[in-house]
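Structures are listed in the sections that come next.
Both complexes shown next keep chain A, but they swap its partner, so chain B is in the first and chain C is in the second.
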Partner chain A sequence: MTAPEKSRNYWLSAGREVLRRPRAAVSLAVILFYLAVALWGFTGWKTPDWETENFEMAYRPPSRAHPFGTDIYGRDVLAKTVYGTRVAVSVALTASVLALVIGLVLGLLAGYFGGWIDDLITWLFSTLQSIPYILLILAFAFVLQDRTFTLFGAEFRIRGINAVSLALGLTGWVGLCRLIRGEAIKHREREYVLAARALGSSPGRLIVRQILPNVVHLAVITFSLGFVSYIHAEVILSFLGLGVKHVPSWGVMIDDAKLELFRGVWWQLAAATAAIFFISLTLHIFGDAVRDGLDPRLRGERR
Partner chain B sequence: MNPVLEVSGLRTHFGIEKRVLPAVRGVDFSLSRGRTLGLVGESGCGKTVTALSLMRLVPRPGRIVAGSVRLDRSGGGPLELLSLPESRMRRIRGRELGMIFQEPMTSLNPVFTIGEQVREAIRVHEPLGKKAVRERVIGLLRDVNLPDPESRYFDYPHQLSGGQRQRVMIAIALACNPKVLIADEPTTALDVTVQARILGLISRLRDRYEMAVLLVTHDLGVVAQATERVAVMYLGRIVEAAATRRLFKAPAHPYTRGLLDSVPRLGEEKRRLAAVRGAVPTLSRIPAGCSFHPRCPRAGEVCRRESPAPREVGEGHRVECHFPLE
Partner chain C sequence: MKLWLILGVVALVLLGLFLSVPFFYRPAGVGEEGVMVRRAALGAKIRGLDPHDIGDTTSAAVGGQIFETLYTYAYLERPYRLLPQLAEDFPEISEDGLTYTIPIRRGVYFADDPAFPGGEGRELTADDFILAWKRMADLNNRSTNYSSIFAGYVEGLDEFRAYTAEVDRVDYDLPVAGLRAPDPHTLEIRLVRPHNFLLYWLAHLPTAPVAREALEKYGEDLVNHPVGTGPFRLVGNYRSNRFSMVRNENFRRELYPDRAAEELAERGLLEDAGREIPFIDRIEWTVIEEAQPLWLAFLAGKIDSSGIPKDNFDQVITTDRELSPAMKARGIRLIKAEDPSIFYYGFNMEDPVVGENRPLRQAMSLAFDRETYIETFLNGRGMVPTGPIPPMIPGFREEKGNPYTRYDLDRARGLLEEAEEIAGGPIPVLRLAMPGTDTTARQMGEYFRIQMSRLGLEIEVDYMTWPKFQDAAKTRSHQIFSLGWLADYPDAQNFLLLFYGPHRSPGPNSSNYSNPEFDALYEEAIALADPEERIPLYHRMEDILIEDCPWIFTTYRVIYALYHDRLQNYYPHDFLYGTMKFQRVRSDLPDSL
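Up next, the complex of A and B:
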């Protein structure tokens, strides 16, 4: 008896399935490019200089020296876009990971156990949801601003951009939680969950090994859509002057463009918009492909 | 022979908004090694709830309110399952009591390959190495006569036929070598030829693994084919129990008689098929006295007042009726 050695793991085969789709593979490449640009600043390598001001060079259109042109202070718009990527990705990543973990855990607990656990969690997210979104984020951001806390013995201070990402994450889990709760209730009553209980599986094992794999595609698609919406939220908050300060971000760039457009200076707006456009588009396509890949019933189908 | 599982006085009630619906009202039976007991009855008579009660998996708002389920242990005295803490009961499920469900379409998790699902059944109870588990899984799939188990291992449930899925469910139930196999309508969702093969498979595996089998079904053909003893349930009670041959030849309870008469036979000249008169009453309005009396052709005055005590009408033939048939 020779069992094939190649392990056909659920996640591995899902990944292979995703990458078989050309659009998804291209999207992944673009996403990785953004991530690389965002991580650039942390590697210690020289990054494009966005700080040097040169008033003689103000509002120069795109040229060889400045491919995206310059702004009112004569700073390089490409460099600002690169730095903005870092801000956008770190805000969105922190916020969506936070929202994903909270939403998934609370949704599964509420859906599987029901009873007072469900009541409590439902009450929590209904309350959060009843407060207008922007107001809620601002409230969180203000409360979290300039707090210090200790984690594993190290002291952290929450400042500007971190407050924004925490606020987004702590408020953004509601949608996913509702979704997962509903699905968990549905799957809890399925016969294969009963069958797994008849095998002697514990509640924890049932949730992780039977229900979670059936709802994880929702978490993935919510993650990728959420990522986009957190980038947008950062842009909106910064545009309103409530988010990132003193450093470039896409939102700040668009805010600057308010005063530039009537002079015919379009390149700063164009750069920020293009940066947002491509990451949004690719995340949507990739999220969709991953969702399809995780569902074995849809594998091998091409649309 | 010592029974492996002994059930007595089992009562399971469903409490819905202060109303109590008694789904199982005092059931006694025992299962012996290498034997199959058939549990038959119409829809809603409490067969499935009885089966789930043995596993202590009655869905809410159901609750086992009385009775005892004793599991024989090789060393030491019998183990009372109904008073075990949930964490210990979990170790009994799958290892001592295995269960097969009615719907092979929905009893398998759609996102895992069947190999992974059989493997999970083993790993819940036994921490084995990867290779050892895989060999055991393929062995089990071979035991249930799944064709080409090495490559089927990697198939998803939706790629299998109904019969193949039920074979996988049986493999999962047998994964930890249980002493008792509870099969809840294992062949109802399958077509007749597949049904016969699955029943044959269950009987063969029962002999090989020396298991006791409880076969829950509404199909008298299945009972005739696959069991040694039968218990007939009506409204949450076992109204008649006997050896299968005897029950088919000489039923003592008018309800059993009615069930047997309602099976069509080829070549018999009859204008209408006999059916049991009336419909099963709801659990909230169980008739006083003998619960079968409103539908019974033999009912007399006493049937309306008193519920019949169980009586022996032959060797191993027990019936609850004031006026049993000869």
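Up next, the complex of A and C:
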């Protein structure tokens, strides 16, 4: 019996490739756990209560009632850690998506059209890239902190989480933009693109239907590797007092701990660093695996 | 091959340079024979060193070493006593109490500065005071201090103030009838009504003299180039986080005091009596805004004196409130002293939401748990306050009690309902301004937010640097703000002036409180020459404030000051800032490490 050979779906096989690695699979499980915790935080359904203070219970060490102890106001550190996960993940997610969209669009435009468009975009990202990253996000966070602006008649107020996400997203697209631009320059001269152009495809269709699918794996890799750096940036900004206000964040917890350690109160620091450690580690391992899986040149190599 | 050789040589040279750093680098003041260095830290940035506008303790701590005033306080005597400083003697006051003739001390020179011909400081004259006070009156300078010190008192000065608003270029040579210098060493002040606090103010830093040469050279930039007659002069730029002061070579001969309160004499503070001051050659200032680095620098012996951060208190102080043996063994000493001060959350009374809603302010005052606050943030170093008049100030009423400084959430809720009726609906989100961006400021802001959320109010907290915070207060842009007031002199008027209507921002009435009944009592009280007679009026004013709640009074504080025992002749003074000239740092005692 004959059967037509089915082409192996690129994404599906890449996924299988990734999950074949036990470390990546475990990492994915941990990441999904964090996402679930963040989602849980969002739903608010039976989430641990971090807001109720009880000054008589201030600075209690870990116990059965408070597995991670309590803070200066007697609030549960475990609950704060859970809420901190929500903050970190939502900031990283928003910033990643924002950076992804900007980087992808600008990179494709610059790469495909060249000329003055390319000059302009290259100038823009070169300028941004020449500023040290931390200083750049600090500057953006400062400027965006607590701003009100009007868009289409509606008033928007940027503050707290939104300001941080925006600052990170607006500064984080540079690396991806450069990559995509390079790839797009390469692809626009390829035969399949030339063929499509000869058949009368419009530039928009060419970019979206022909070039984009061939560069999008780069975006996925950047996304998975960039995610963790946004989490770190959120922690740094909150630690420095430029991040979220009035809600728990791992950065704010570490800032508190800076003083509390002298009292022998170590649990807030421990909880926040452990939370950061595991998500960072697993995102790195998983991101590496995704890169290996999606890059055809690395396919099949076990590293 | 050749390339490797070159690279190798370069690497060796770099390594050599790197390794030799320890031999050339010497931290300031270490190992210099015979140079006495005082190392001091500031917990906030300095707002500015233009004398007329000094209104905060940080600027005063630094400015107090550079500037001097006509009168001063005896450093070691208690109760506090005024002494002539730049004045030769106490003023001769005319019988009607309206003319003060003050002899200016001879042989007082400004510190050397490029502003003077040949760079050499010239002798102080009466005109330097007149210029300084006209600058304080100049509306363009927006001085914090004019309204409380001179407004309504000095003949012609208010008119001069009005004139400064009308012209583009203020002419400081324009005569003011009430400020005259019949000769370079006599200053005559003519008043329109008796000023019972004038001598206190003449001992207060903002009335320090300004040299015309400095004003002409630096103009608006004078704030960055303080030129004074004091024992020290600034080198470099005080806006940076590290700066230093050296001895003013022109400082006159002055001797260490030979009188002290008994308790202070017992502490050995008279050992240097009769010796020429200052002893210190150089002061190294460091701005450290965060509590922990400051504390660690103190423990490491890098600064000579410090307070105790809340998180280190238990480590340092035993349960019976004494210094722990471990700290004593390190050569650290403790001074505990009550401090005439009041800390509070102020409402901007011009704000339509909080200013026109007394039940709201009362409710918020009742909802603020002071006892927990004092325990959490001050380790018990404070008292629940009655009103604006703190302990140690005549007129303080310990037994009086304040119905709104108790923690009573039920009553607060009842009042909030009234408040919502007045507001015609729920109270909108309120904004609190905190004077600091450090961790402790954030925790305190958070505490306020939590307390108010128990009442059902939402608070948005803004954290700002100390200079930015003060500038915002001057322009009346706060809604609620956290602040404290330390006495400038031992009279309750110094606290009540913070509520007098004409003293509104940029004056010292940061709450912009204005109440005709209060103002009338204030005017009546300050016109009384006998301090005892003023007290019943002060009490009536305090009662009005307790009921009106323009402030949420939070604490009267107690000072716990620590210092290394190599620092000598050190003792806190409630009103005097220029105390470093009395201090000495013994070099034969090692840094306590």
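By definition in this document, the second predicted complex is superposed on the first by the 229 of 303 C-alpha atoms of A that agree within 3 Å, B and C clash if a C-alpha of one lies under 4 Å from a C-alpha of the other, contacts with A are read in each partner's own complex, and residues count from 1 in each chain.
Definition applied: a contact is a pair of C-beta atoms (placed from the backbone, for glycine too) under 8 Å apart; a residue touches a chain by one contact, two chains touch by 3 or more.
Predicted, not measured: the structure shown is a model, and the values here were computed from it.
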| item | value |
| --- | --- |
| First (chain B), second (chain C), both or neither touched by A:280 | neither |
| Which of chain B and chain C A:246 touches, first, second, both or neither | second |
| First (chain B), second (chain C), both or neither touched by A:260 | second |
| Partner chain(s) touched by A:295 [first = chain B, second = chain C, both, neither] | first |
| Of chain C and chain B, partner touching more chain A residues | B |
| Touching partner for A:72 - first (chain B), second (chain C), both, neither | second |
| Those residues of chain A which chain B touches in one complex and chain C touches in the other | none |
| Complex contact set, residues of chain B against chain A | 55, 57, 87, 90-95, 97-99, 101, 103, 106-113, 116, 120-121, 124-125, 131, 134-135, 138, 150, 153-154, 156, 158, 169, 172-173, 175-176 |
| Partner chain C, residues of chain A touching it in the complex | 53, 55, 58, 72-73, 146, 241, 245-246, 252, 255-256, 258-260, 262-263 |
| Complex interface listing, chain A residues touching chain B | 1-4, 8, 10, 190-192, 194-202, 205, 209-210, 213-214, 294-297 |
| Interface residues, chain C side, partner chain A - complex | 291-292, 309-312, 314-315, 369, 372, 375-376, 437, 439-440, 442-443, 446-447, 449-450, 460-463 |
